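Read through the structures below before going on.
The two complexes that follow have chain A in common; it is paired with chain B in the first and with chain C in the second.
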Partner chain A sequence: MNAGGARSTSAAGSHAVQIGFVVGLVVLWYLAATRWGVSSILLPNPITVARDLWEILRTGEYVDDLRVTLTELAAAFAISATSGVVLGYLISRSTYRIRVFEPLFAAIYSVPIILFLPLYVLFFGLGPPSKIALGATISFFPVVLNTIAGFGYVDRLLITAARSMGASDYQLFRFVLLPAALPVILTGMRMGFTVALLSIIGSETIASLAGLGHRIVHLAEAMEMARMFAYIAFVVAIAAFLNVVVSTLEKRGRRF
Partner chain B sequence: MRDIAVRVKNVSHRFGEEDEARNVRALLDTSLDIARGELLCLIGPSGCGKSTLLNVIGGLLAPTAGAVDVLGKPVQGPMPRDIAFVFQENALFPWNTVIENVDLGMRFQGVARAEREERARRSLEAVGLKDFAHHYPAQLSGGMRQRAALARALSLQTDILLMDEPFGALDEQTRMILGEDLSVLLASTRKTIVFVTHSLGEAVFLADRVAVFSARPGTIKRVIAVEEPHPRKPDFVTSQKFTALRNELYALLHDEIRKTVSAESAPPATPGALS
Partner chain C sequence: MPAAVMQRIARSPGLARLGVIVMLLAIWEAAARWVVDPLFLAPPSRVVTSLGAVLGTRGVPAALQITVFELAVAFAISVAIGLVVGLVVGLHNFSRRSFMPIILLLYGTPQVTILPLFILYFGIGPASKIAFGVTHGMFPIIMTVAAGVQNIKPILLVSARSMGASSVQILRHVIFPHMIPSFFTGMRLGMTGVLLGVLLAELYVSTAGIGYFTTLFTQNFDPTKLLGLISILAAMAIALNEIVRRLEVRFARWRD
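Let's look at the complex of A and B:
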């Protein structure tokens, strides 16, 4: 009880520090924009930004761009999660395949794949398909690598114990391999989801027809800085919300 | 003439191929008969092949030469209906509670659901873990985890129980208590048990016979009978008989352990000094 109490107190304490940090940044921003003479082209007043954000939310003008971005994200993640888990599982079943593919995928994972965006645009056009393809490619690697790690390094003793008690192949998979690998796979999926979101919004800012990233760059080019900041705040909130959702799902899944 | 439960016939085992640099001859032409209802301890220097022999008997490892019969049938793979294992440690599924672990073993073995519940309850009661059925392995002490592993093996109701240093990772006191409980428990089940251990005291306390291994490549050097009825009383440990047997084992093992240690470490600076 005491330990739990102490932990929640310190958790509350660190939350307070985190919130204080963000509030401090906003205060600095406010002071820079109003007192220290930073041009409103570079740094609009946070109050104007808040007003614009409210306007955006009230009119619902964000809906189309949000739908484009989320659709791209969902499609990309569906592709990478499915192919990453299936391929990862198949690779993990043989030590030879692990030896060949794990270092290969790890090496490709460390390449900044966003550099291939022009190529993706040539292949798939300026619209969503190129974002989906890029997001799927980038998020495939953490999923496949964690799936290989999850299935490939299950404690041998647990497998031996299950076999000694007569476990069938299906039972071994369902009751030993899957629960052993699931936490690692879920972590890979969470990482994949995060990089998919980053790369999709990032590529929208570079070459696109619609989406939240597209909208932000468009506003910047039109010098509507307050609105641009409002959209950035909106994207940050969406990303934070998705991150909470995905992390919660990950924790749920661990208790499977 | 008593029934033979396990017959080990000229078993040899080598890890790796003969022409490989790192091949290890773990077991050399070992033969052994184990009577039904007997508790046999395998003891020997580390790397002598005692765990290898246990895995061969249990069908987890196919020997490079020789064969094993269990209850008159040749061993060709795991025999979950006849043989249950208790491993050294951490062989419980960490994502399952104690009772789920016990249940899952029986499920693997093919026991009907209705029967599993009752058997799980009884085997947890037998090892004194009734109140910890819904704990996860990580919430238990090492000793309790091994009790849970034992409960899982008992619930399978096999004639034969193979235990691979089940108390090896536990402290001396826990080990002693578990040994006493095991002796009481097993006296009532009439199982045939093969028990691998490092501990001389544990071997004498638990076994009907102790098979002493030679250094690698291991084979059985001597078999010593411990004629003392089960369940053994705690004061057996302080008896003359216990001390005499323990000393006899110590003398047999000492030379073998020396051989293992000098083979593994660099030769001494003055070669003549030790010979």
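Let's look at the complex of A and C:
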């Protein structure tokens, strides 16, 4: 057998292990829920969960909560992306400003910002504004730090060369700075988007009136476990979908 | 301002950074004193002077102790699991290709959606916080350990084996020393994860931990104590992050 054949055989083996792992988990879950007498409050029957998930999707009862969560996410990300890129660009224009602000932002970023949630709830109430504020705060830092890194560490030689060939400010920005910085900024934006989503669902879980996180907690408190598992699966799928979309956009933008 | 002072500030970004921090604190102080309702915001001067009162509140020192205990245990378990699973998964090509996608997938899912389940399974005491911290902390350690093991040059393994080293000797003298830099990077990322997981779970539900007191101070509209407690926790988080970061820097150099 040649090397390519061996590699594809072992790749098939890896896939088999992966599929086996997932199937094994589901089978264990099913057996635990039906045969081994694990209480349905701790572990609902997977078939009931699947039925509930189907019902949730069919009746569209998720629409209101999904709308709340996505609106919060969009608002938070719009705020953090705009302010992060603008501030990052302004700071990156001088080495002095980079040395003043970059360590400051990096230090704040190392604090778990979720700690501010009680404060934001105090300021903005239990509704969407506190989630938007928290999501925007948390996702601001990866965006601004990556924007500074992207614009601030463009090879000086490229800038000098462009200048000496008579590039205007606009031309310098459009043809030298932006292409060099864009990949790094896009990575920052993707990271910011992911943490914004996480922190918004997290803050909905901790203290809120509506949204997908709130729905899961509500079902947990009502002990409707099968429905809660169905919602968890739904939210995980939504999050995975959004992450794939953002990663694809990032890759597309890099090529540009 | 005299020209000499201006020049000094212009030469040292550290001083300017300090100036920015002082300015922000001054704005906060002014806003809290004259603009914002004292039910929602306390000036930093009063927050600092009330730190003693926060620590003197009945139950707060015990709550901080519980949180430190949860963080320490969660971190220790994360490191142990991360090291073992990372080595097992990373040492062989086949297991790495089979299990890394599963680990990445689990790492990428928004774990906060299953936070209510942790409370259900592990109760509202420290156990659920520790468990939630572990699920946040172990994945980055698994991934960096597996990646660190993978980066060992095959020639080192081959030459060690050809000189008659046993598996244990190879593990002890070749694999461990090479893994150390990435292991400490993993510990730093793991600490960030553990802090996030434990604090999220604390804020979600808590009967005696710091989450209980943040809720209490929020509901009593006591921003002075709330800000004081948040500052203490933030300082704690910064200290823990700084310890693992220093270790990382030190051991990254150690190999050369």
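Please note the rule applied: the second predicted complex is superposed on the first by the 232 of 256 C-alpha atoms of A that agree within 3 Å, B and C clash if a C-alpha of one lies under 4 Å from a C-alpha of the other, contacts with A are read in each partner's own complex, and residues count from 1 in each chain.
Note that contacts are C-beta pairs under 8 Å (C-beta built on N, C-alpha and C of every residue); 3 or more make two chains touch, one makes a residue touch a chain.
Everything quoted here is computed from the prediction, not taken from an experiment.
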item: Clash-or-fit label for the pair chain B, chain C on chain A; value: fit
item: Touched partner set for A:166, first chain B, second chain C, both or neither; value: first
item: Per-residue contact with chain A, leading partner among chain C and chain B; value: C
item: Which superposed partner A:213 touches (first chain B, second chain C, both, neither); value: second
item: Which of chain B and chain C A:158 touches, first, second, both or neither; value: first
item: First (chain B), second (chain C), both or neither touched by A:179; value: first
item: C-alpha centroid angle, chain C to chain B via chain A, nearest 10°; value: 90
item: After superposition on chain A, the shortest CA separation from chain B to chain C (Å); value: 13
item: Residues of chain A at both interfaces, chain B in one complex, chain C in the other; value: none
item: Footprint of chain B on chain A - complex, ascending; value: 155, 157-158, 160-168, 171, 175-176, 179-180, 256
item: In the complex with chain A, residue positions of chain B that touch it; value: 58-60, 78, 80-81, 83-85, 87, 90-91, 93, 95-96, 104-105, 107-110, 156
item: Residues of chain C that touch chain A when the two form their complex; value: 10, 13, 16-17, 20-21, 40-41, 93-94, 97-99, 101-102, 108-110, 112-117, 119-121, 192, 195-196, 199-200, 203-204, 214-215, 217-218, 221, 223, 226-227, 230, 233-234, 237-238, 241
item: Chain A to chain C touching residues, read off their complex; value: 10-11, 13-14, 17-18, 21-22, 41-42, 96, 99-101, 103-104, 107, 110-112, 114-119, 121-123, 197-198, 201-202, 205-206, 212-213, 216-217, 220, 228, 232, 235-236, 239-240, 243
